[in-house]
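In the two complexes below, subunit A is the common chain; its partner is subunit B in one and subunit C in the other.
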Partner chain A sequence: MSRVAIVGVGQTRYSRESGRSEWQLAVEAISNALTDCGIDPGDVDGLVRYSYDNVDEAMIVRSFGLKLRYYSQTGFGGLGAPATLAHAYAAVASGQARVVVCYRSLNGRSTTRYGRAERSLGTGGGDLIATGDRAPSGAFAGPYGMLSPGQVMAMWARRYQWEAGLTEDELAAAMGRIAVDQRAYARANPDAVMGGRPLDQAGYLAGRVIATPLRIFDLALETDGAAALVVTDAAVGPRPAVWIRSAIQGLIPYAESIATYGELRNGPTYRSLGSRLLQDADVKPADLVSASIYDATSVSVLLGLEGYGIYPVNGAARAVIEHGIGPESPLPVNTSGGHLSEAYVHGMNLVIEAVRQVRGESMNQIPRSGPVLVASGPSGLVLAP
Partner chain B sequence: MARADVPTIDSASAPYWEAAREGRLMIASCGACSKVHHYPRPFCPHCWSEDVHPVEATGSGTLYTYSIVYVNDLAPFKDRLPYVAAIVALDEGPRLMTTIEGADPGDLQVGMPVTAAFRPVDGDDPDSPYLTVFTPIKEHA
Partner chain C sequence: MSRVAIVGVGQTRYSRESGRSEWQLAVEAISNALTDCGIDPGDVDGLVRYSYDNVDEAMIVRSFGLKLRYYSQTGFGGLGAPATLAHAYAAVASGQARVVVCYRSLNGRSTTRYGRAERSLGTGGGDLIATGDRAPSGAFAGPYGMLSPGQVMAMWARRYQWEAGLTEDELAAAMGRIAVDQRAYARANPDAVMGGRPLDQAGYLAGRVIATPLRIFDLALETDGAAALVVTDAAVGPRPAVWIRSAIQGLIPYAESIATYGELRNGPTYRSLGSRLLQDADVKPADLVSASIYDATSVSVLLGLEGYGIYPVNGAARAVIEHGIGPESPLPVNTSGGHLSEAYVHGMNLVIEAVRQVRGESMNQIPRSGPVLVASGPSGLVLAP
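Here is the complex of A and B:
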């Protein structure tokens, strides 16, 4: 097995209004990640970023005086979040690069509000509606008011309820438990935007309904902030190395938009990708110590728990109602508070939390050593000490 | 003020939208493999043949999923809150995004039988595209 490790992590403060450019935020996060592992910018020879990022490679190269041998991008936003590390893993394992920095920077609240429709709507011809087949916002979705990710994921949630044979109250109990448990993690995390705001099940149920069956607490935050990670071929620096055991960057029909023409994210193709990821790491679901599961909405966590084989298909809701996703649960999930309660850095803060768990440095450290899953739909990583 | 509900129509989708004006729901059928699909596109998603042509669907299907949307500040949706967004599985197989009209949102049930109806996107515009919406099929008591 190739030896490729995440050796450095860095981030900015997470806020609703950074007052700084995305470029400044990216530079700060990358600088912090390099400091974390004691690597000099002169040794960085690879960069991976999101195609969605407004801070391009040249801006980073200029800022740090980098001399790159390798750079690449992952597409489709959060779908590719763990895949930035997959690119770094491949580049280092193949010798194309030795030290690769992955980053994501966004003013996701103060500049482009990530939960809103305008992000995906076209502006041609004075009308807002986008062309083509996307959902949300395409010509076959927008006319019906399916304009934002939350509105489409509400469709997933209702369908999941039906397929799993849940009452509306049971679905709310499961999604509420995710929101409440992630908020409890955020309470112990000084970086968490919502750390000062306790939430219990009654508070969850009293939350404003956004699009049934989703309430305000089911939806990811919108955040200004940046996060970065450093990947190389050896244990470098003062922190414990976090080895990448397997990686997958999947794409299947209708995964890239969140359209509803294809499988739910617990469907057979997703499960097959998830099982392949764990198999490549020689890990069974029961071996996992914790997980970061992309939570654009709370229902994504239920679907991810099934897609990666933690619980049987249509079994996650009842398991979560019974056990939750807290520190005592069979698999603690999103232990920083996740996108629902820590910050929305488009998946990168979830990768950082997984690294912290493997290092033993989380603010909500799970006191066992072993592999940690990072999952975002069809893309994922297994990290291990 | 821009509306967020006016579709952009292209050459592949024009037959669908034109038929909707006439009260017909078109899906696409492939001359090579005879499978159907929706939304319209320039080639078959099953066998990639370009021999695709519109065929009329029965307009009946079942409610695959739905949401009652309470928050949307874009025109015209902000003036019709809450509204129903829905996905219907047609009897022919394909799913389409739509809305359900003629029902109390509280009575909606996944799996309920529905049938297509048609109305203009913008009732004040004589040239408005028409939307395919669905209404519940009343089951006799």
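Here is the complex of A and C:
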């Protein structure tokens, strides 16, 4: 692939009550990202946002006086995080735009709480589900009360348990290890909303059950905040450039939200997409230095580790029980604390942490240099110095 | 620009009552487009849709069993028509995808009637307006009853009349000429919903006033139907390839929906974007053989003719009164009948007609070969053989 780089990142404070509009948060995050790379807003000619974002392109154009020549939206919620960068890559590599800003802004706690299915209730149901086909999801799952991501992903966890032949205790041990290791990362990250609260396995097990077998610590936080990234065709600004080595934005058929008759995210379609992503970057799983794996719930991390070939199918749980995902593990994951312990910016904060790892600027810096994976279901990026 | 081509087009029958779901219509249009170029659905790896479309990517993936690696959405209604092709261009030129399908499907008469502001009422107001900033549009215009595109564009027409120093009769003569000439094109087009109904200037003037100074013949039809196009990196299939020579997707600040304090679509930002589009294609306005100019209302055509430099600012009305936009005019426009007389597929049928002109397959074929313009406000394409 040609040379397209992430040169700037920016974010707001992450909180439970921003006291500001999502528009204000988006503008602050974008301003910070542009400052990070020293690019003038007048040079921005592309924008990529989530279709779910309430801050549309015209609002950003107005706030900064942008002159756009490319803008796009990525659908399906959290799948959109790496995909925004994939679109920016396409725009820059094709010459459609020169400087593209990707952003996500949400008052996910003080305004619309996804965990309470407030978004899906507000829009007719079902389209919150990342890989789902809107109509059947709403029609089949909604009437049975499966409205929030946690309710849906509890079914993923149960099915994974069954497929992998895990006991209830083993599943809890694996998911708990993810929650505990991500919390440990958060302890060193001053931006992390949960940084002040230690968590161990006993604390995890004592957590309130939200949707069996998921406990409260298995679920993404609900937070307010925004995050933004700047993409262009050269290394500019004071920070090390982070090159987009490969990008893929998959979407598979029959990925029903209840996931009891579709393909789990460690299935053959996912593995084929993940394998292609790494091949396109000329990277093997063992080459990866760290990874950001979308953690709407802890089980998503287990599935992602298998989907992208880090561990064999049905092998992630036992590997995680043994090695964890901490700094000494074979592949450190979600080193900012992730959605479980840093903040929930719908995947965008995970992309920023991957950038920081490549730059060598993470609060939990992995001391090796090399490619970093960003994975969200069937969409992903490989970033490298 | 590198070699990216539109190789297939497809559509459904255009009607006032399709009797089928938008999903069914989309699948039929896409099937027809793939048949048109002989590409197997298994080779499609990209999709681009309007954010307004009720048929999301997952529904198309399911119907065809697609394996995607790129998909995007274009916002702001009709601006998305050329922009879908711009996204497909970016995906293919950058190597993100190889075969991209762009589509639009809507039961615009039998289900949701935009002319009655049913969409904007259903979604909170204001976001129907193509170039508007959602929040202010809804906040300032909605309470005064400006809910439908026709109500908004009536203000554009009045302001244009004032800027260009036109009398009431001159404005009506210019807008009427557009309606009459597009109807004449529709007479030769068996797909056109209004093909069976002749219209002359007297008939136009006798039309019911919808929103002063717009009469019923100034407004886009409300129809059911779908349209799709296939984009790839080579000339494939039995039809002549139509190369995308340039693409631009603009969005300007302060383009308020009521347009009384923003920039009309013949203003300096639009002209600058239009000029850049043509320069990128190495084309002068006089080189253009025909044009598809987004005609939500007839006045949009006048503004587009000026925005893209075909006529001088405030000069289009008098030029159109004198020469029209028919086959003998300096630049034939909307040669299928357009939204006013063929059907309203939200700009996508206009792109298909531009493809047909480049191929030499239009029912109103302009007998010269050369570049064809597709323009929708600040977004556009130049297509060429």
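Criterion: the second predicted complex is superposed on the first by the 361 of 385 C-alpha atoms of A that agree within 3 Å, B and C clash if a C-alpha of one lies under 4 Å from a C-alpha of the other, contacts with A are read in each partner's own complex, and residues count from 1 in each chain.
As a working rule, contacts are C-beta pairs under 8 Å (C-beta built on N, C-alpha and C of every residue); 3 or more make two chains touch, one makes a residue touch a chain.
Please read these numbers as outputs of a predicted model, since none were measured by experiment.
Of the two partner chains, neither subunit B nor subunit C is touched by A:165. In the overlay built on the shared chain, the residue A:117 is in contact with subunit B alone; subunit C does not reach it. Legend: residue contacts after superposition of the two complexes on their common chain; A:198 is shown touching neither subunit B nor subunit C. Looking at the shared chain after the overlay, A:212 reaches subunit B, while subunit C stays out of its contact range.
Look at A:154: by the touch rule set out above, it reaches subunit B but stays clear of subunit C. In the superposed pair of complexes, A:146 makes contact with subunit B only, with no contact to subunit C. Within the superposed three-chain model, A:42 lies out of touch with both subunit B and subunit C [touch as defined at top]. Note: residues 127, 131-133, 135, 253 of subunit A belong to the subunit B contact set and to the subunit C contact set alike, using the contact criterion stated above. Note for the complex: subunit B touches subunit A at residues 2-10, 13, 39, 41, 45, 64-72, 74, 77, 83, 85-87, 94-99, 110-111, 121, 129, 131. Residues of subunit C touching subunit A in their complex: 1-2, 23, 51, 56-59, 61-62, 65-76, 86-87, 89-96, 127, 131-135, 247-255, 269, 273, 276.
Listing the residues of subunit A that touch subunit B in their complex gives 117, 121-122, 124-133, 135, 139-148, 151, 154-159, 161-162, 208-214, 253, 260-261.
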